[in-house]
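Shared between the two complexes below is chain A, which pairs with chain B and chain C, respectively.
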Partner chain A sequence: MADLFLPAEGAFAPFLETLSPSGNGRLVLSEPPARGIATVMARAGQGAALATRMKALYGIDVEDAARFVTAGDVALVGTGPGAWLMLREGAAPDWAAQPAGELDGLASVFDQSSGYAVLRLGGAGAATLLSRGAFIDMHPRAFPVGAAAVTVMSHIGAILWQREAAVYEVAIFRSYAASFWHWIAATAAANGLTPMRSA
Partner chain B sequence: MRVKCPYCGDRDVHEFVYRGDAAPVRPAADAGEAAFADYVYLRDNPAGPIAEHWYHAQGCRNWLVVERDTRSHAIAAVRLAREAAR
Partner chain C sequence: MSRLAAGGLIDRSQPLRFRFDGRDYGGFAGDTLASALIANDVRLVGRSFKYHRPRGLLTAGAEEPNALVTLRAGARAEPNSRATTIELYDGLEAKSQNRWPSLGFDLMAVNGLMSPLFVAGFYYKTFMWPAALWEKLYEPLIRRAAGLGALSGAPDPDHYDKAHGFCDLLVIGAGPAGLAAALAAGRAGARVFLLEQENELGGRLLSERHEIDGRPGHLWAREVADELSALPEVTILRRTTAFGVYDDRSYGAIERVADHLAEPLPGQPRQRLWKIVAKRTILAAGAIERPILFGGNDRPGVMMASAVQSYVNRFAAVPGRRIALFTTSDSGWQVAADLRAAGVEVAALIDPREGAAPMALPDVPLFAGGTVTSTHGRILRSIGVRAAGGRVTRIAADVLAMAGGWNPAMGIGCNLGSRPIWSEAIHSFVLKAPPPGMALAGAAAGRFSLAETIGDGLREGMAAAADMGHEGHAPPMPRTSDDKAGVAAPWHVPGGRGKAFVDFQHDVTDSDIALSVREGFRSVEHLKRYTTLGMATDQGKTSQVNAHALLAMYSGKAIVEAGTVLSRPPYLPVAIGAFAGHHRDADFRPVRLTAGHGWAVEQGARFVDAGQWKRAQWFARPGETGWLETVSREARAVRSGVGLCDVSTLGKIELSGADAGVLLDRLYINNFSTLKVGRARYGVMLREDGIVMDDGTTTRLAEDRYFLTTTTANAARVMQHIDYCRQILWPELDVQAVSVTEQWAQYAVAGPLSRRLLQYLLPDLDLSNEAFPFMAAAETRWRGVPMRIFRLSFSGELAYELGVPAAYGDALVRALMEAGRPLDATPYGTEALGVLRIEKGHAAGNELNGQTTAADLGFGGMMSTKKDYIGRVMAARPGLTDPDRPVLIGIRPVDRVSRLAGGAHLLPTGVPDIAAHDEGHVTSVAFSPMMDGWIGLALLRRGRERIGEHVRAVDLLRGTDVEVEICSPVFVDPEGVRLRG
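== the complex of A and B ==
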């Protein structure tokens, strides 16, 4: 009997399929390549030791701040004092056991890979769209590349960050994907933006 | 109204949950009913500065100590409760 293998399916895939791959490029939506997601929470008093360990293991400069930092296939999004969302590109479904073991005693690591849906928003209109939902200043001077925020958009808890110039990612709880997409579509239309999907 | 969270920065008040006066300190377990009744129920009602607990529920999920003037809602300082407790 053949092994049963269920490929990872992005929560936004059915919605992105409805978009055209061509357009004016002011709002380009996509799902990032499959990645592992986990929460990392420093144990009391272990913040400095954790940063040293993660630097040695992953080559990443840990910042205890609302920042997005990346090194190789690992990224960290600050979500609170001593707390991060850890992202790992192309990770296997059981990937989180590895950092949980490597950081044992310094941090608690819990897999969230199937809990969050991540949408990538690019183009000159992306910041405009996000500013209609998040009650924070999305101007590049206030929210530059590398900035991150935990906030709420359209009553949906959201973690967002600017990973490179005019390229944002928003992580929401996966079961809210349809509601969040509804907000995206309505808000884009109200602001004269026609979303396209990346080809 | 905006509250400047030490971690998240300037945020709209709707992201927060208000708890109240940060001054009461839980009495010792053997302090007696009168002390606990005061701790649970009795509050000052100052016209002026007060330190209060606020929870950043839709942000960093941390308890904050906010120093607010009840006459103007002007906020003088915001600290993480975990640091204020030290």
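== the complex of A and C ==
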């Protein structure tokens, strides 16, 4: 059988289809375009060398902190000491082999592109909705653009970051997508928000 | 109608209809149910808890002990709702409680005649013998006679929301002190949360006739509220009660989002539970007026003076035509003045304080130094008054307003253990050492005059903002009208006629407290438990201080010595539903669905919960008569053809790093550093105490990379264990680990035809025994997607597991079914999986039960003697190596046709069924299609030495007793020929 790229199935796609593409824009939900996701963990004692290598390779300023940083098509979300989620826009299904090779000896790279379902939330009501779930101060002074957190929302482990002003992304383990969506839908309604999907 | 023609803060342009105890009434927007009942001359609203005494409204606030009603009907019926806090809405329906057959005629009122029986502690003194009748007879009888409203029994149709709040300053209460504090801090730029239990801000300003800057106080409150609403950093939560103070400056609050509506709007929650973290808090919850203790003080028509003032001033609802005042506080005089201003006749003002005259009250008969000694009428008609000289007169009055002084409402300030202390200045308890970050302001701090209140708020608000780095100019202190705040100590009129009630809701009287003291229950905590004082739904808000004053008096102590109790959260009852929030029914806990879930649904799967996962249990086909037929078909298909099973839920952990093999050697009883790349090995890990923790296969993907699997149940625990080991025990090791359970959708393809099926799907791959033997593993690609292939077998058949990234899992299982169509590939679920593993004697959750050692399960030979590993030392303890321990064996019925029961105990033949003869138990049973009969796995004492012996499997719960033969746990293919086929 010839190799034939399969379309990846978005975990939130069936739910997003139920939303209208028009609305007041206070809560806009979408699934980010196909991207590679990997857990990157520094090898023992290689944190500084890893940051230097990543700066050279991807032009990114690595921060060993709960921060979202981005450069070009690469982004890093700090999830713990010496641990990040690496995001790569438009990556192929087997993309993770490349950073694994590039960072060999400095970091362990584990492909998680399918492991996480990512929901993007935009609009003035996004922070309110997220604050209903995460016990985190979402005030722009406390959780500004570039802030990230590993937290729990609706009893579901979540990694949360503010990508740009009033645009957040939440990564949860894929199998929870339906439960998480039910919570999003109920909580949006409870707070007077009518979610729309980005056109 | 007792509605004044004009005035009040009600909206007369919005008339509302409502129904109470089956009768229709009218009210206005802005009314509470209580004020609307007063405006309609309804004076009897409830029956007391124990004696079923008729009761009327006592207060106008959340502290109300009497007017508990069942609000709404059907599934939304809410018992024990306080009429004083229910906002009136059109179509409201409420019923009184604790009466039968009706409120006016309550047969249970006979309890009152038997009151000598029902004194304090009667639970402990009565019904002592025979004790056996307590549960079946006494308690149900008591519960029926004494009680509150009943739940509907129907599921709550509403939704509850949860929210988190963070602020510099939390202000609890939006009376004059709270408004001033929020204004000062808000103008300075601080993030402020202002909580008010009512919809209207203003607190007592709404009920009193005070002036601020020459205008009515409620207009000032509205202006401040408007300004606060416009400040971007200020959040006002109306209809919100702070109910508890918790550690780390966190607070619980309940927002009643839709309780003022007949039912919530679509999507709207009924209530929202707030968890608020506040760097600073100002408790400005005001004060609660305390009753005066005299005989007959619970008669309908006897009310708090502040309540009368609220009803008249705020709601323009006059509770009586001739109102008498019994006051030990200057505030009572102000009520008399307000009544006169509203044109209401004041029958008398009785003030036991000699010479008290805070203001002139022309045309009000004054009884300085007098007391009220009795009340008369089913609903109050007259009172007995003893004048200073001792002469007793009857005075006609249909309402007696009592003003016994004010108790600061500091309840939640004591939640963390701060103890209130007695203040001689205000004759009540105050909180001098509130919890960290909290300050009190205004009446809650025991400073009652309006000027003090606003001054407190401004000062504390500025201080809190400055603490948080927000400097600003204090708002100017407004001009306020002068109010007198003189007050006497809690007042008791001894020797009056009738019972003097202290706790109105729990029917505790002054004589109950005297009895408690006589019987030796003299500490406030003992008094509380002996009399149940303060333990009703109102938590003693009107009774606690009076009771402790009586306790002090009866025991000859000063009240400062008697002390008072601490309050626990919640300050007011909070619905359990609010704590559950979204998480009820189908959303009780999150559900995890595998990538192939939709496919399994299409295949007619029935699902079983495996932790949070939904796993396909079996796939019934049309015409099958029961699960056993389905499961047997699925198991047979694996033994004779090929079956497909979704095994994605098993835990998967990837380890990488130079020392990954070293860590695995320490985690498992056997070795993994010696494993070849491209090979898998079964492993067992122990807990530190030597008991088996988990098992699974580990594959070496590269020199420095391993892929480990766990049981579904232990996936999170093993991940946690590995992180603990690499981060805490051996941080010097270079090893990184992460859960990849969710990354890979994995399917078992099992059965003699499994290789053929895979060749259809992956024609370029050499799957021969030589190229890809048992326990081989490979990484490949399938349609451009990474794929992992493992030759593993749980069923004992030739079998493989295929993994692809979960986004392609649905595509893979469909492709496998398609490729397997010519082979009649059969999906099988967890039940068939269980049958297959029992036939092969593989231990699973039932055997890895937290009590078994590796040796018990037959893995003793795997325990390395050449290295150290977690659990090695403790596994060598005598108790864990005792040859008498129960070990894993197989059983089958001697008659071959009997059914086995899991959980049955194993006993020798010919002995009584008593625990002393117990030799083990049956852990797993299955109907084996291969053996054509029931088989089981069991843990039996010295079992391996007893193969061939007969014992009995006795199940006293199911009433079965089956003679079984002890055999090897491996029933099918003990040589493993099929496995390597």
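Here, the second predicted complex is superposed on the first by the 194 of 199 C-alpha atoms of A that agree within 3 Å, B and C clash if a C-alpha of one lies under 4 Å from a C-alpha of the other, contacts with A are read in each partner's own complex, and residues count from 1 in each chain.
The rule is short, and it goes like this: a contact is a pair of C-beta atoms (placed from the backbone, for glycine too) under 8 Å apart; a residue touches a chain by one contact, two chains touch by 3 or more.
Everything numeric here is computed off the predicted structure, so don't read it as measured data.
Contacts of A:V74 after superposition: neither chain B nor chain C is touched. By the touch criterion stated above, A:M41 is placed in contact with chain C alone, chain B being left untouched.
In the overlay built on the shared chain, the residue A:L27 is in contact with neither chain B nor chain C. Look at A:G115: by the touch rule set out above, it reaches chain C but stays clear of chain B. Once the two complexes are overlaid on the shared chain, A:V150 sits against chain B while remaining clear of chain C.
Within the superposed three-chain model, A:A66 lies in touch with chain B and out of touch with chain C [touch as defined at top]. A count of residues in chain A touched by chain B and by chain C gives the higher number to C.
When the shared chain is aligned, chain B and chain C each come close enough to touch A:I136. Where the contact sets of chain A with chain B and with chain C meet, they give residues 135-137.
Across the interface of their complex, chain A is touched by residues 7-12, 14-15, 58-62, 80, 82 of chain B. Contact residues of chain C toward chain A in the complex are 159, 161-164, 166, 191, 266-269, 272, 275, 277, 582-583, 586-587, 589-595, 613, 654, 656-659, 705, 732-736, 738, 740-745, 761-763, 781, 783-786, 805-811. Of all residues in chain A, only 65-66, 79-81, 83, 135-137, 149-152, 157 touch chain B in the complex they form.
Contacts from chain A toward chain C in the complex involve residues 1, 3-6, 8-11, 39, 41-45, 92-94, 107-108, 110-116, 131-132, 134-137, 139, 142, 154-156, 173-180, 182-183, 186-187, 189-192.
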